[in-house]
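As written, the chain order gives the labels A, B, C and D, with residue 1 at the start of each chain.
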Amino acid sequence: MSNSIGEKFQITSFGSSHGKAVGAVVDGCPANLELTQEDIQKELDKRKPGTSSITTSRKEADEVQILSGIFNGKTDGTPITGVVFNKNQHSKDYSMFENTPRPSHGDFAWMMKYGNYDYNGGGRGSGRVTIGHVIGGAIAKKLLKTQNIEIISHVAQIGDIKAEINDLEIIKENVEKNPVRCGDLKAARKMEELILAKKQEGDSIGGIVETIAIGVPAGLGEPVFGRLDGDLARILMNIGAIKGVEIGLGFDMATKSGSQTNDEYQINENKATAKTNNSGGIIGGMSNGMEIVSRIAVKPTPSISKCQNSVDLEKMENKKIEIEGRHDPCICPRVSVVAESSTAIVLADHMIRSGFIHPSNLEK
Amino acid sequence: MSNSIGEKFQITSFGSSHGKAVGAVVDGCPANLELTQEDIQKELDKRKPGTSSITTSRKEADEVQILSGIFNGKTDGTPITGVVFNKNQHSKDYSMFENTPRPSHGDFAWMMKYGNYDYNGGGRGSGRVTIGHVIGGAIAKKLLKTQNIEIISHVAQIGDIKAEINDLEIIKENVEKNPVRCGDLKAARKMEELILAKKQEGDSIGGIVETIAIGVPAGLGEPVFGRLDGDLARILMNIGAIKGVEIGLGFDMATKSGSQTNDEYQINENKATAKTNNSGGIIGGMSNGMEIVSRIAVKPTPSISKCQNSVDLEKMENKKIEIEGRHDPCICPRVSVVAESSTAIVLADHMIRSGFIHPSNLEK
Amino acid sequence: MSNSIGEKFQITSFGSSHGKAVGAVVDGCPANLELTQEDIQKELDKRKPGTSSITTSRKEADEVQILSGIFNGKTDGTPITGVVFNKNQHSKDYSMFENTPRPSHGDFAWMMKYGNYDYNGGGRGSGRVTIGHVIGGAIAKKLLKTQNIEIISHVAQIGDIKAEINDLEIIKENVEKNPVRCGDLKAARKMEELILAKKQEGDSIGGIVETIAIGVPAGLGEPVFGRLDGDLARILMNIGAIKGVEIGLGFDMATKSGSQTNDEYQINENKATAKTNNSGGIIGGMSNGMEIVSRIAVKPTPSISKCQNSVDLEKMENKKIEIEGRHDPCICPRVSVVAESSTAIVLADHMIRSGFIHPSNLEK
Amino acid sequence: MSNSIGEKFQITSFGSSHGKAVGAVVDGCPANLELTQEDIQKELDKRKPGTSSITTSRKEADEVQILSGIFNGKTDGTPITGVVFNKNQHSKDYSMFENTPRPSHGDFAWMMKYGNYDYNGGGRGSGRVTIGHVIGGAIAKKLLKTQNIEIISHVAQIGDIKAEINDLEIIKENVEKNPVRCGDLKAARKMEELILAKKQEGDSIGGIVETIAIGVPAGLGEPVFGRLDGDLARILMNIGAIKGVEIGLGFDMATKSGSQTNDEYQINENKATAKTNNSGGIIGGMSNGMEIVSRIAVKPTPSISKCQNSVDLEKMENKKIEIEGRHDPCICPRVSVVAESSTAIVLADHMIRSGFIHPSNLEK
């Protein structure tokens, strides 16, 4: 199953940057969920390029069409197909990359593995394929909302600049107010400056995206190989450009003692809860009722206009390349939308798997 | 599939700390691989407790029996079952934990989810279940060896003490020479001191385990949801106590520019290779022929003897607990064996999935 | 995975009779297979209604569009999406069936399970969804052809009329020459008469479809739960209206002795082969190198215009219905196209699973 | 997944006829089901050989041990491992079959596919591996019983002798009273005579096994590829020696008209039900609330003592063989136990998949 993910709520992704279309089939969404094209479109609009100075200047309308799975304004338990027809894909000549892989892009591996590789715009390795993730994520988010679960992704760090605000309500508001999708407006301005500076230099910059899920009940996840943290790590690491995933304190755990990191319990209004959340909402691979917090490391966009060393695989000789074109100098803002979608997909799947959502009919 | 992992090379894990046995069924290993009980035993011996001052003093013989899948000293293409009967599990009374979850253990989630929870020694949440991982990993390693692929895990950091040696041959040698399984003997001594100090305090300490796979061909991994990095992240995050996974530069990517991290190509002896390996051997979700390098964050053992706050879930009142008993003050050494096994399982699976190893018969 | 099938060569089906579209995503087809829209269209045309007196008079152009997965006229290893937009679906009022299930249709079960059921034209229970099967089957057939494997389905029986010809070359030729898709032209004429007589009566008739796969090597199938016969039985029984599947002698085995049915071996031109094929090409769940022969029981079309007893599920009272409209009085001819496709999908999947076709690149 | 089956309730089978053990890991059984070794043993005893004149005279104690998954007499949501150690496997020399496949046995395909084939007693192709099915089925039956679902398999036909009784209560009683496991005692005596006559001749005989599931609610099954009939057909066809599966009227549908076979609806005590059950309880791939009725064609045991033609695959020459030893002249009685188990496994899986049984905790 190379292009499908999920056990009960399952996304099958298809399409490429410069082919006819990109999209996804979403199978396993229970019937009777109210769902409109607009629910999906508004999520897609968040990852749309061409909306600010720090993203690529490509204009992509990215209008989704739902081809199946809705009857009388509600899901009917059959596969939901969302598709976006590509429109703006003829503008550039990519033939120089036919035999010359771009450093740190997937090109080289695609060529080695499949032989017949659509190098235009990165083909299926392009960020455009995450449209399928967002289609799935939009449906997952709508489904989770019926259970009062909400997911928020935000850009927590770009280069050395870190967001300093922790209040989720403020983060949620701020994220929509700046092109970086950062929850801290002051940091956002500095991040934007840094990104523009890198763009000027023909360079790019990395960062960190944080995702928080609120309202998740205790008991999601199936040890030892269907654990919630494992499934989250997989879907997040599967996003292009991600090189690290951590849950809760993550790598900071390495330098700490158990007495510093253990989350003790207390009785609170006749309910047992953890007093702290160093575990990031997951213990023993299962949710514990606290907020689920993940952070992912986003590498700097490999497409930079600075001159780079590569090779011509046909002539088998060294070759210099300069990657022109309209590339995001920092993809963290758009990755944050995909991380939110991906997290939603995993949680929707596990909510059904664990019996919190009925597998075929929301009204049951 | 909560207790199975892998698509072609598949492990199904079973058993618990204080039940009759732990083990695994390994399905999908091609026929004609030479395999003995000893191949598995020698890997199990590496994770065995009771061998040094820094691990738990429990003595566990952990003798594996192969119940199926071998004929005339070779695999025959049928499921290989390895089982270790538990022997030393009656020594302690765990009844105090029946209704009182230990902080940052899985106890609470197990209780919430399944109701009927074997709290003895952590039940199926115990580190003992990784015996199943190691059985699968031992077979995977033997299979990978036929393709000249080797995997080495070592403890790279404990608390603030970092190993400084990068030469793989030296690391490999050193790892077997010290109880920390660190590749740097000087650092290992300091790590051991730190661990013993934490043990004295009734506390524990975290760390980082690094795993390197050598000899992996380009082209493993199936984008966009069967990616190699996603599958590695899942299986590693699925190991108990792991709170972070990174590939290559990992979280350091966040602060870097593309011009600093891109791996340029060159022709070398008529072969195209990357000049650097910031990507950790994986681009676009597929192997690129370089060493595959992952690092995982290991949290401090949650079982500490210091007094902690918890709750009695039956009486619904606060309760103090002290966890006595023989616990590892640092589980990094043993996690390193499990990480090595887990990495081997994923690579064996993808070597078959990608057509490098014949799916049913090694001699074809 | 309710709408996906296959392990390595995987079909994900979507769409319904009166929604916007029907189609399938085909994942796992290796790169470098030459494939055109025409390859798929010509298979779809075989199942197209409105082409003769014995099928429904609905005209459906059923033009397929390939949205992804082809680059430079060849597959590129990414998911292939084929879609047919529905055009002729507005002609009829189905509202009388909103609360009144048609006898022996899926309606009742769909209503019970999902609540929100698109009753127009049977929704996703319609025969139109087999367009997805045929899209997948067309690609599978093209892939199998590269390995000299050919699949032929033909109508072997309608009511009590049986085809009498066993020569595969003649069957192949004849099938395209008559609307019944029968390999025996004499029987075909009688079958056609019977079907038309049933149509006149406002009734329908059942039959048997036989499928033969030629050129399949020995060794496909993975005992004990990935057996080839089990996978064939599943995909064939999954076709709407199928109530039985048999392999080789099938149910005739029940009345026979081992000495009558055992397929003895002989050496023939230095090759070991079976002298007879009572096993239908499958022993122990694996192919043995002989022709693979299956037969399926097709029930009479449940849509008949004769008056029938049903119920109004809203008012909870008995209700008579007469199903008007353009229905096939016998669906065997169209089922034969779907059976051929379904068999091809299973064989393509197992050819990859068993290492006869490289999983990612046909040129390897 | 060659040796696992089921999506939520999953069996992983292992072991062979003459290896150390046979058994199964059952994953996905919800916690809090009361379960004892005896529950499994009593089902195993039904398929045990050596209990009558018409089965093989091999004595096999077949004592099951549960290695995991039970805590305080109840399932705890972790994998249940059941194992039977082989004891009576040293009695015979099978070396004559090392290079000489027995006609219509799996031997030939096993040799071709895997190369290293344990030919002793048929290795993993032996009927003994169905011990794993029965372990899984026993647990499934116990789980289904909590939902008032009951499954009965009986031998409906041997050669030309058919059982004539349709009353389920009588069938249930009679099945345990005769070695043929036939529900009609009069027919059973004739069947027994026929089987003994075949045994005398050194021959064997086929038959038909019918399985009825009572109490299954409407709505199990997930169209179009997770249909209940497809899943039943797969698991039943996966049983060794099965060459055909039919549901309801099955192959009789081929000769009938829609007006004869359609199951009309009626309101009965304020409930809508079908008036007849020609559909065998499944419409559109989903259960409709009626009894689920399947019939399977069992081929005559291929092991017969009559002289047969085979080949020596090493010398590549023709060779005659006589298969001596203690073989069942008719395996229908034992197949009926396996069919009952297999049906239970599929129904348990779908009861969880469709939300009728909670996926992790029976008390929820």
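As a working rule, contacts are C-beta pairs under 8 Å (C-beta built on N, C-alpha and C of every residue); 3 or more make two chains touch, one makes a residue touch a chain.
Worth saying up front: this structure is predicted, and the values here are computed from it rather than measured.
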**Q.** Partner chains shared by subunit A and subunit D (touch criterion as defined above)
**A.** B, C
Q. Where centres are the averaged C-alpha coordinates, which chain has the largest centre distance to subunit A?
A. D
Q: Please compute the C-alpha centroid of subunit B, do the same for subunit C, then give the distance between them in whole Å.
A: 45
Q.
Suppose each chain is reduced to the average of its Cα coordinates; what separation in Å results between subunit A and subunit B?
A. 27
Q: Provide the C-alpha centroid distance between subunit B and subunit D, rounded to the nearest whole angstrom.
A: 38
(Q) I need the residues of subunit C touching at least two other chains; which ones are they? (A) 1-4, 7, 13, 113, 124, 219, 222, 354, 360-361, 364
Q | subunit C - residues contacting subunit A, complex | A | 1-4, 7, 10, 12-16, 19-23, 25, 27-28, 31-32, 65-72, 74-81, 83, 113-118, 123-124, 360-361, 363-364
Q: Enumerate the contact residues on subunit C facing subunit D in the complex.
A: 1-5, 7, 11, 13, 101, 103-110, 112-113, 124-125, 129, 132, 157-160, 198, 201, 203-208, 218-219, 221-227, 229-238, 240, 242-267, 270, 272, 274-275, 278-280, 283-289, 297-304, 306, 308-311, 313, 316-318, 354
(Q) Going by the contact rule set out above, which residues of subunit D touch subunit A in the complex? (A) 7, 219, 222, 353-355, 358-361, 364
